[in-house]
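What follows is a pair of complexes built around subunit A, which joins subunit B in one and subunit C in the other.
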Partner chain A sequence: MSFLKTSQIKSPWLMHFDCGSCNGCDIETLACLTPVYDVERFGIINVGNPRHADVLVVTGTVNPRNAQILKNIYSQMPDPKLVIAVGACGCSGGVFRDAPNVLGGVDKVIPVDVYVPGCPAKPEAIMDAVVTGLGKLKGILEAS
Partner chain B sequence: MNLTTFYLAVAGLILAPLLGGLVAGVDRVVTARLQSRMGPPLMQPFYDVGKLWSKVIPPASNWQGLFVRWALVASLASDVLLAAGADVLMCFFVQAASASFVALGAFCGSSPYSKLGAQRELFQLLAYEPVFLVAILCMAKVSGAFDAYSFMNASAQPLLFKMPLIVPGLLFVVLVKLRKSPFDISASHHMHQEVVRGVYTDYAGRDFALLEIAHWADVVVVLWICSFLWATSVVSMVATAAVFLFAALVIDNVSARLTWRHMLKVVAPISLVLATANLLWLYME
Partner chain C sequence: MARTVIPFGPQHPVLPEPIHLSLVVEDEKVVEALPTLGYVHRGLEMLATKRDYNQMIQIVERVCGICSMIHSLCYCQGMEEMLGVEVPRRAKMLRVVWSELHRLHSHLLWLGLFADSFGFESLFMQLWKIREKVMDLNEATTGNRVIVSVNVVGGVRANLDESQVRWIKDTLVDVEASIKSLQSTIMHDSTVCRRTQGVGVLTKQAAYDLGAAGPMLRGSGVAQDMRQLKYAGFDEIAFEPIVETAGDCWARSNVRFREALQSIDLVRQALDRLDDTELAAKVKGKPEGEVITRVEQPRGECLYYLKGNGDKFLDRVRIRTPTFANIPPLAAILPGLDFADVPVVVLSIDPCISCTER
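== the complex of A and B ==
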């Protein structure tokens, strides 16, 4: 693979969006940045700007109000991009799936590449999801 | 201009950005170790730039591409000037022009964070440029000329002994130029800050990659000028630059909550007074 393609896999900048999470999954996502898990060793940086992001990590359920914001953030990210749905809520709506204001999981609004189960999802599982997502991206880049 | 100067200038043009990338890598590894983390690989900044280069995204404003390219040209030109032994004052002004182009590009964007970042970039210029200028004047006073080669072989005795008071000022310049401290500086190196990415917010894809290279070139210029303080040999110059870099990393890690107001109101005046006192002392000697 060329240097440019390799660098796309070695430098995933991650943007975290809290859709409608109870904050359980958010805390676990941020825990990945701490010295215990240290995701920076994979080149991962947590950025606050969708224009700089390669991976969108979404926690929590989608409702009619935040669905538009989620779409907006997704559309501002440059291609190729990955979406990771974190937690039972992000995957399917979790315990809130029958609530009247809940549309369901993240995949009701934007395409999701990797699902991370758990309530809340473990930091190890979130990191594993990013690595799995990068494997998928590698396949796409090699094929292109 | 003779042929050797030409070769040196070309070497400066090619090596400076590479060295800057390496400095950025060392910075990230050392910072991680200071925080008891493992940190990314040394080559991570190069992967980051490669990644940004391969991302295609429409610019936030049509003017930005132009300003980014001018900023890159100015930053690389300042390295070339130093390598070719030209006037250090000229190099200083060209380097300041690069920072202004970045701010102008950010003003063209639509994001309020980008505009706020651009304003802070201008404040920042106001804070460190006078200190930097006085430091260069001190060096020129002792070495008797303004060209880089005179600075590098001024005397057997390192310049540092004649100008100890400019060290805090230079350290301040290194901190700001590395985009390290204060944490809410125009475009903090730390990705999460109160104005998202400040001046860099609206730049993305290839433009951002070019800006990153311009930043590396800037860092090399500043560290290079710092290394004039102990320019008795190449090894001592590299060691001096490394000491400045390491000191900046330590200060950044122990002062996580310094704000830009503190920089403007306290750090800038104190370091300017110290540097000016040193200059007066040199003139009265």
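== the complex of A and C ==
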């Protein structure tokens, strides 16, 4: 594989978007970056700009207002990209699936590669999801 | 120079949550700030008509993942008042223990994010490292790190045995020492002071008039804390609200820093008062009537209005959260600021958008 492809697998840059979550999963995603879990030792860096990101971590339910923002962010990310839906809400709508302003899980709007269950998902589970997703990304890169 | 409108959010590195501010800027100065909300709105108050009053506890806990325990505490207190249930003393004290552990981890979390907002990454990491110890306490005593889900109508569902009480006290000694070791950095470091002192000043009168809540209000010199209402076990616990007078970002971060230490003290007081009464009282009847309850969240006053009609489903649940109260003061202090100070000031109100929009 070329240098660029290898570094995309070995050091994925990650972007987090809160899409109507209760904060539980967001904070657990952020906790992954801090000393106890410290994903930076795997070369994973949290970035604020979708144009720099390889992995999009989405937490929470989708509503009509943030669906557009989510689509924009997804389309601004360069290919190939990975989407991880974190938490019960991101997977299916969770406890809020019956609420009036909820469309459902993230996969109603953009394609999702890895689903992380849990309310909220634990940092270990989120890290595991990123590693699982990178396996998939590696397959795509090798095929291309 | 002509006015420029710069969008801030909804996706922004400094904000864990989506809020949009249209900042009208002249040169580098902010002239006007127009907030737009609605990115996290789920409409969960409506779920009261689909879930019965016991199932609603799980819903209100997920209003906000950071202070979930305190939301369900407020809801359960309202339901207990409506159903005429007397909560056992042990349950009241256990509620204080977990709600103060929540305040502690929330304040550490905020102090970390605040440090990150002006680029002090190592302080952010240090504070979150301390916070993980508090999360371990939550996880070991209740089974979950963030949404602890301990409240039921009538009391609590989890208990602490003697070894756990001892362990919590030991861990809190560690946590207290680690927090105090960062005191001089948070309060007196020149980098921190230059970015926070005199920035985003909210006067006492303005804070009162605009209806600010929580550390925002106390940072401006108004000694108002809902724990003075002596809900849960606070009737037996010695408590004084923490007040700073400067009204700037530095004062607000100091209030939260000192409250984190105070929470440790409150947890200790509550643990010393655990007695042998049962965990939850029996609940009979269906909710009927209207109640209003208030508790102090990490971010300020939280108000619940509940209306029952004699059915197991509630007619109405209305939640007023502290960040909602703090947005008008925020819009008032943003004009006149340097553009680079906007993230610091926005974060200084400790915005919890998922609370605000529900």
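List of remarks:
Basically, the second predicted complex is superposed on the first by the 144 of 144 C-alpha atoms of A that agree within 3 Å, B and C clash if a C-alpha of one lies under 4 Å from a C-alpha of the other, contacts with A are read in each partner's own complex, and residues count from 1 in each chain.
Going forward, contacts are C-beta pairs under 8 Å (C-beta built on N, C-alpha and C of every residue); 3 or more make two chains touch, one makes a residue touch a chain.
Because the structure is predicted, anything quoted here is derived from the model rather than measured.
Partner contacting the larger number of subunit A residues, of subunit B and subunit C: C. Shared-chain residue A:Ile140: touches no atom of subunit B or subunit C.
In the superposition on chain A, contact of A:Gly48 is made with both subunit B and subunit C.
Touch criterion met: A:Asp18 reaches subunit C, while subunit B stays clear of it.
By the touch criterion defined above, A:Ile73 lies against subunit C but remains apart from subunit B after alignment on the C-alpha atoms of chain A.
When the two complexes are overlaid on their common chain A, residue A:Ala99 makes contact with subunit C while staying clear of subunit B.
By the touch criterion defined above, A:Phe3 lies against subunit B but remains apart from subunit C after alignment on the C-alpha atoms of chain A. Once the two complexes are laid over each other on the shared chain, residue contacts for A:Pro35 go to subunit B and to subunit C alike.
Residues 35, 47-49 of subunit A touch subunit B in one complex and subunit C in the other. By the touch criterion given at the top, residues 10-13, 16-18, 38-44, 46-47, 50, 58-59, 62-66, 68, 109, 112, 124-125, 128-129, 131-132, 135, 145-147, 352, 354 of subunit C touch subunit A in their complex.
Contact residues on subunit A toward subunit B in their complex (touch as defined above): 3-8, 10-11, 13, 35, 38, 40-43, 45-49, 51-52, 54, 78-79.
Here subunit B touches subunit A in the complex through residues 28, 32, 35-41, 44, 46-51, 53-57, 60, 191-192, 196-197, 200-202, 204-205, 208, going by the rule given at the top. Interface of subunit A with subunit C (complex): residues 16-28, 30-31, 34-36, 47-50, 60-61, 63, 65-66, 69, 73, 94-96, 98-102, 119-120, 122.
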